[in-house]
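Got some structures for you, see below.
Both complexes below contain chain A, partnered by chain B and then by chain C.
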Partner chain A sequence: MAETGTIALYLALVLSVYGAFGSVLGRLRSSPQLLDSARYAVYMVPMILAVATFSLVMSFLRHDFRVEYVAAHSNLAMNPEYTWVAIYAGNAGSLLYIAFTLSLMVAIMVALAPKAITHSLPYTITILMAIVTFFIGVMVALANPFDTLSFTPPDGQGINPLLTHPGMFIHPPLLMTGLAAVSIPFAIAVGSLISGRSPDGWVDVGRVWALVVWAMLGTGVLLGAWWAYTILGWGGYWAWDPIENVALMPWLALTASVHSLMVQKRRGMFRMWNIVLVNIAFTLSLFGIFINRGGPVPSVHSFGASTLGWVFLGFLGVSVLFSFGVFAFRYNSMRSAASLDSMLSREAAFLVNNLLLLGVAFVTLWGVVFPLISQMFRGVTVTVAAPFYNQVNGPLLLALIFLMGVGPLLPWRHATATTLRRAIQTPGIVAIVTVGLLLAAGISKPFALVAFGLCAFVVAGIVREWVHGTLVRHRRGENYLAAFGGLIAANRPRYGGYVAHLAIVVLALGVAGSSFYGTQRDIIMGPGDEETVGKYTIRFEGVRTETRADRIEFFNDVTVSQDGGEVMGMTAWRAFYPDLRMAATRAAIRSTPVEDLYIVSSESLEDGRVAFRILVNPLVWWMWLAGPLLLLGTLVALWPQRSLAGSPASTGRADGNIAAAPFGPD
Partner chain B sequence: MPLLAGIVLAWISVLVLVWPFLRRKNAVHSDDDPVVEIRRRREAVYEEARVLHNDHLLGDVPLVEYEPRFQTHRVLAAELLRDEERLQELAGRLEEEILEMRRKVGTEG
Partner chain C sequence: MHSMSQIHRRFQPGRLFSIVALAAVAMLGTACLTQGTSPTLEERAQEIGRSLMCPVCPGETIEQSQAELAKQMRAIVREKLASGETRQEVLDFFVDRYNEDVLAAPPKSGFNLVAWGIPVLGIAAAMATLALVLRGMRRNTIGVSVAKEGATVEADLEPYLARVDLELERVLRGDDGAPGGVPPSA
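Let's look at the complex of A and B:
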């Protein structure tokens, strides 16, 4: 199968090069045949890469340790269900995965491309195929997952135990595909720029793909947080680790972009700004891939030091020069159709929101690159840790939540003091009452109070909009359910956006609760010992041991009683892998909307006692709700609008009034 | 066996890439149909109007701003609809003329 895989890689490389050149040549020579042929090449590349991926899967399933990559990332003891994870456990396999999924998404984008971007699509295809060519080229030249050894080892080295977790089935694929797929909205925008046609023609389709990639990255980051929370055993979910940061940064830039594109769609404004934003998102995504591949910054989940990083850095440099070169070349054609009427308007709020999001992204970028700069120029190794990010980004994020509450309530163009007061009155009162109630309940940390108050403000604003809109439609004769459905359908991007805002609020709730009111204790217990942490009494019952082919598992059983009442059993799992000389843990977690009880066993002592880390993390449960809400919001925003143009009613022939027909009686 | 699979994949790829050059060159792309483009633009106007109407209902757009903007959308949609119908009529007339000429040629032949 390895030979088939290699042949498929070379074939995919030829096809992607043909797609890149054929597309632009077809456009320049006005040859529809060449354009079609290049488009078919775009469809063929994922099919051929699927053959390569299938070959690698079969090599894993057949334990073909002659293949170097299979020997390095699996062994006979590996559960076959982790084959999927093993595929992208290393550099070469993950490149194949990225090339396959990126080419598949590109093919889907090209197949569904609307007529509005017909003239720029060949350039878009050329850019995207050049990127796909780069990934396949790196594989063929430097990191072929089908390279074979000169001998066949009897067993492989095994998969990294940290990867044997359900979250690993979705988290890395989403992040890797998401990072690479930022190139799609980028290529749509730059393709449009090169074609020099309508400056707004790309906005709809660009926004759709920006949203798709945004949801992928967002969900991937959240799943990564969940994975870290359950498996890394330190009780947290976000450590501002460089690899976490490099996935967050393009997500922040895309968040700014999907908001800003709405302004261009509605008002024809921010044309240059949107191109800049999508360029920044793309540059940050390539930077992320570079950090991930090259390993210049140590991280728990990078692929370690490798020369590949410099190849990606070179590609990043070329891409930046190209994208900003095109921007400079077309600078004069991107003047906005309108300008800001007032700083008290929705578009102004979007602009400030953009600046704050970029502020957070650049603070995070500085935190990632500062150790590299320090090492390079001063020869001093420094680590930028969580306190730096929390202190600088914390206030910026709070300001963002405030804007998230105010922005959607402001009208387009300009707001008067009266409209502003009417919009924020109810949410403001709810926020003040919430803060008062929290103070009465003994919550007094200022940052926490501000965070909870702002969350209440945003939720109240959204609920008010939904209730008000539903009531208005209900008064026009619709039942409540139809009125609510009609409200959502009337402006899906807006109401989908509200659901996404709710996702951010529940995320903020979890972060604020666990950051300001979490408790942690490290204790050593022998069998029969009891300890009290908060309202929980924990009794260590003993340890059960099981020996597997590749590991020794320790099941540390505890009994937990809450306020002397309900009693339940929990098991903190730990395993030691002798061949890999590493241990892995699975925390025992009892999760409720109020708080998580988190127990992880860190070490077994010779006298039979076990070291435990026990945490009580308030409101973390809400964080994991953010993922489904984020996806739901994206789905609502992207759901296609019912077509009216082709329907008989819309033609107006029924009443002979063609002008009034699509707009109803009023 | 791997070589055979490679050759088959390569041949399929070549056939797919060459196919557009072998097709009839005068095949009309549905993308080039101006009626489709006009319908797309009309759809966009409807969406704008629907959002505007909803914003007005919710009190986000005052009547004084709503009425002229809504009227602009209404007129634009009517113009697009008129263009669409003209194009369709023209296409229909062309078809009839071609049919008529064919009949004549058939009769004369």
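Let's look at the complex of A and C:
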């Protein structure tokens, strides 16, 4: 199977190179035949890479340890379902995975490309196929997953036990594909820029793909947080680790982009800025892949570290130069069709939102690179971790939440003092009342109060919009359900956006609750011992052990009673892998909307006692709602509307939000 | 900054509102803080634990890590706090032993001020640039009329503002007379 895989890689390399050159030459020579054949090459690449991926899967399933990669990332004891995880557990395999999924998404994008980007599509294809070529080329030249050993070892080294978690089935693939796929909105934008035809033609399809990639990255990051929370055993979900940061940064830039693109879509403004934004997102995503694949920064997530990073850094440099070149070349084609009417308008709010989002991304990037700078200038290594980001990014994120509450309530073009006051009156009162109630309940940390107050502000603003809109339609004779459905159908980007905003609010709730009011205790208990943590009384019942082929599992049973009543059993799981000399834990978590009780067994002592870490994390339950809400919001925003043809942006007049929005069959 | 003050005058009610809100939050917050209890030794120890990296486990603080060394360091932190040492003294003790990178964030002194200063300066510069750009964009649009009194501007813009309000109403209603939508009211 390994030979099949290698052959498939070379074939895919040839085809992707052909697709890249064929497409641009076909466009320049106006040859439809060449353009068609290049497009077929685009469709062929994912098919052939699927063959390569399939042969890697087969090598794993057959325990073909002659293949170096299989020997390094699996063993006979591994459950077959973790083959899927093993594929991307190392560098070579993850490159194959990235190349396959990226080429697949590119093929889908090309197949679905609307007429509006016909003129720029060949350039877009060339850029994307160049990127696919790069990934396949690195694989073939430097990290071939099908490289074989000169002998066949009897067993493999096994997979990293931290990776054998359900979250690992979706989180790394989403992030890897997401990071690579930022190239799609980038290529759409830059392709349009090169072709120099209509400056707004790319906006609709570019926004769709930016949103898709944005949702992938967002969900991937949230799943990673969930994975860390349940498996790493320190009771947290986000540590501002470099690897986490590099996934966050392109997401932030894309968040700015999907907002700002709406302004171009509606008003034909910010043309240049939008191109800059997707460029920033793309550069940050390449930076992310660079750090992920063996960059110079230490991280808890260095699962597939190597020195390949420098190849990616080189690619990053070339991409940045290319983007700058195109930008300079077409500088004049990006003038806005309209100008800003007022500082007090949704356009202006979007610009400030962009600034804050990029600010957070910049601070994060700075935190990642500062240790290198310090090393370079002083020769002293420093660490930039959570305390830095919390202090610098914390206020920026609070400001963003505030803006998230105000921005959508402002009308396009211009708001009067009256409309503004009317818009923020109710949410403002709700926020102040909330803060008052929290104070009465004994919540007194100022930052927590501000955070909760702002959350209430945003939610009240959204609910007010929904209720008000529904009531207006209801008064015109629709029943409440139809009125609400019609309201959302009438402007899906807007109402999808509200759902995504709610996702951010629940995320903020969880973060504020757990970081300001989380408590933690380390205790050592023997069987039969009892300890009280807050309102919980925890009794250690004893440990059951099970010996497996590659590990010893410890089931530490505890019973927990709350305020003297309601007794329940929980089990904190821990396993020791003698061959790898590694331990893995799975926390026992009792999650309620109020708080999580989180019990992890960190160590089994020789005298039979067990060291437990017990945390009470308020409001974390809400955080995990953010992922589904984010996806729901994206779906609502992306659900196809029947007539988006034409270019509402190019009219530049006050054509409203919803001019081109006939209702679906509701 | 003549035109900026113009804009501010138009902001008045919104600004007043946010000032009141902020003041309410600030007053209540500080009122509570002053009567709040000071943190316990354990809370202080955990805060210090989150500010110190575990030297043998990349990317983890001693509060997070389960490594033996981290456990010992946690014990030392508590011992030192119990014997009356301050936060800074405890941190200094570990910096002496394990170098500066044992701190989870660079101290706000010396060369490390760059780490903290650049984000603040960068964001301030970006905001200033944005304000200038927005001002430029606005001046191009409204031109001369902006230079007049605020009331005049309001009057000049009245028809537009009315239209905007109408628009907002339509957006909230979500129909805008689109085909297949809700029949317009009689």
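To be clear about the criterion, the second predicted complex is superposed on the first by the 637 of 666 C-alpha atoms of A that agree within 3 Å, B and C clash if a C-alpha of one lies under 4 Å from a C-alpha of the other, contacts with A are read in each partner's own complex, and residues count from 1 in each chain.
In this text, a residue touches a chain if its C-beta (ideal position, glycine included) is under 8 Å from a C-beta of that chain, and two chains touch if they have at least 3 such contacts.
Computed from a predicted model, the values in this text were never measured in an experiment.
**Student:** By the touch definition at the top of the document, which applies to A:V472: first (chain B), second (chain C), both, or neither?
**Tutor:** A:V472: touches chain B and chain C.
**Student:** Looking only at contacts as defined up top, I'd like to know whether chain B or chain C touches more of chain A.
**Tutor:** Ranking chain B and chain C by residues of chain A touched puts C first.
**Student:** Quick check on the superposed pair: does A:D36 touch chain B, chain C, both, or neither? Answer first, second, both or neither.
**Tutor:** first
**Student:** Looking at the overlay, what does A:V51 touch: chain B (first), chain C (second), both, or neither?
**Tutor:** Touch status of A:V51: first partner only.
**Student:** For A:W234 in the superposed arrangement: first (chain B), second (chain C), both or neither?
**Tutor:** Second partner only, chain C.
**Student:** In the superposed arrangement, which partner chain does A:A8 touch: chain B (first), chain C (second), both, or neither?
**Tutor:** So A:A8 only meets chain B here.
**Student:** Please indicate which partner A:T381 is in contact with in the superposed arrangement: first for chain B, second for chain C, both, or neither.
**Tutor:** Touch partner of A:T381: chain C, not chain B.
**Student:** Could you look at A:T118 and tell me whether it touches chain B, chain C, both or neither (first, second, both, neither)?
**Tutor:** First partner only, chain B.
**Student:** After lining up the shared chain so the two structures overlap, which partner does A:E81 touch, if you call chain B first and chain C second: first, second, both or neither?
**Tutor:** Neither chain B nor chain C is touched by A:E81.
**Student:** Touch test for A:D147: chain B only (first), chain C only (second), both, or neither?
**Tutor:** neither
**Student:** State which residues of chain A lie in both footprints, the one left by chain B and the one left by chain C.
**Tutor:** On chain A, the overlap between the chain B and chain C contacts is residues 411-413, 465, 468-469, 472-473, 476, 487, 490-491, 658-659, 662-663.
**Student:** Any idea which chain B residues touch chain A in the complex?
**Tutor:** Interface residues on the chain B side: 1-3, 5-6, 9-10, 13, 16-21, 23, 25, 29, 31, 36-37, 39-40, 42-43, 46-47, 49-51, 53-55, 57-61, 65, 70, 73-75, 77-78, 81-82.
**Student:** Within their complex, state which residues of chain A touch chain C.
**Tutor:** Residues of chain A touching chain C: 232-234, 236, 239, 241-242, 298-302, 339-344, 348, 351-352, 355, 358-359, 362-363, 366-367, 370-371, 373-374, 377-378, 380-388, 391-392, 396, 411-421, 424-425, 428, 431-432, 435-436, 439, 444-446, 449-450, 453, 465, 468-469, 472-473, 476-478, 486-487, 490-491, 520-522, 583, 602-603, 654, 656-659, 661-663.
**Student:** Help me check something: in the complex, which residues belonging to chain A touch chain B?
**Tutor:** Residues of chain A touching chain B: 1, 3-4, 7-8, 11, 14-15, 18, 32-34, 36-37, 40-41, 43-44, 48, 51, 114-116, 118, 411-413, 465, 468-469, 472-473, 476, 487, 490-491, 494, 641, 643-646, 650-652, 658-660, 662-664, 666.
**Student:** Okay, in this complex, where on chain C does chain A touch?
**Tutor:** Touching chain A: residues 7, 10-14, 17-18, 21, 24-26, 28-30, 32-33, 36, 42, 46, 50-51, 53, 57-61, 63-66, 74, 99-106, 111-112, 114-116, 118-120, 122-123, 126-127, 130, 134, 137-138, 140-142, 154, 157, 160-161, 163-165, 167-168, 170-176, 178-183, 185 of chain C.
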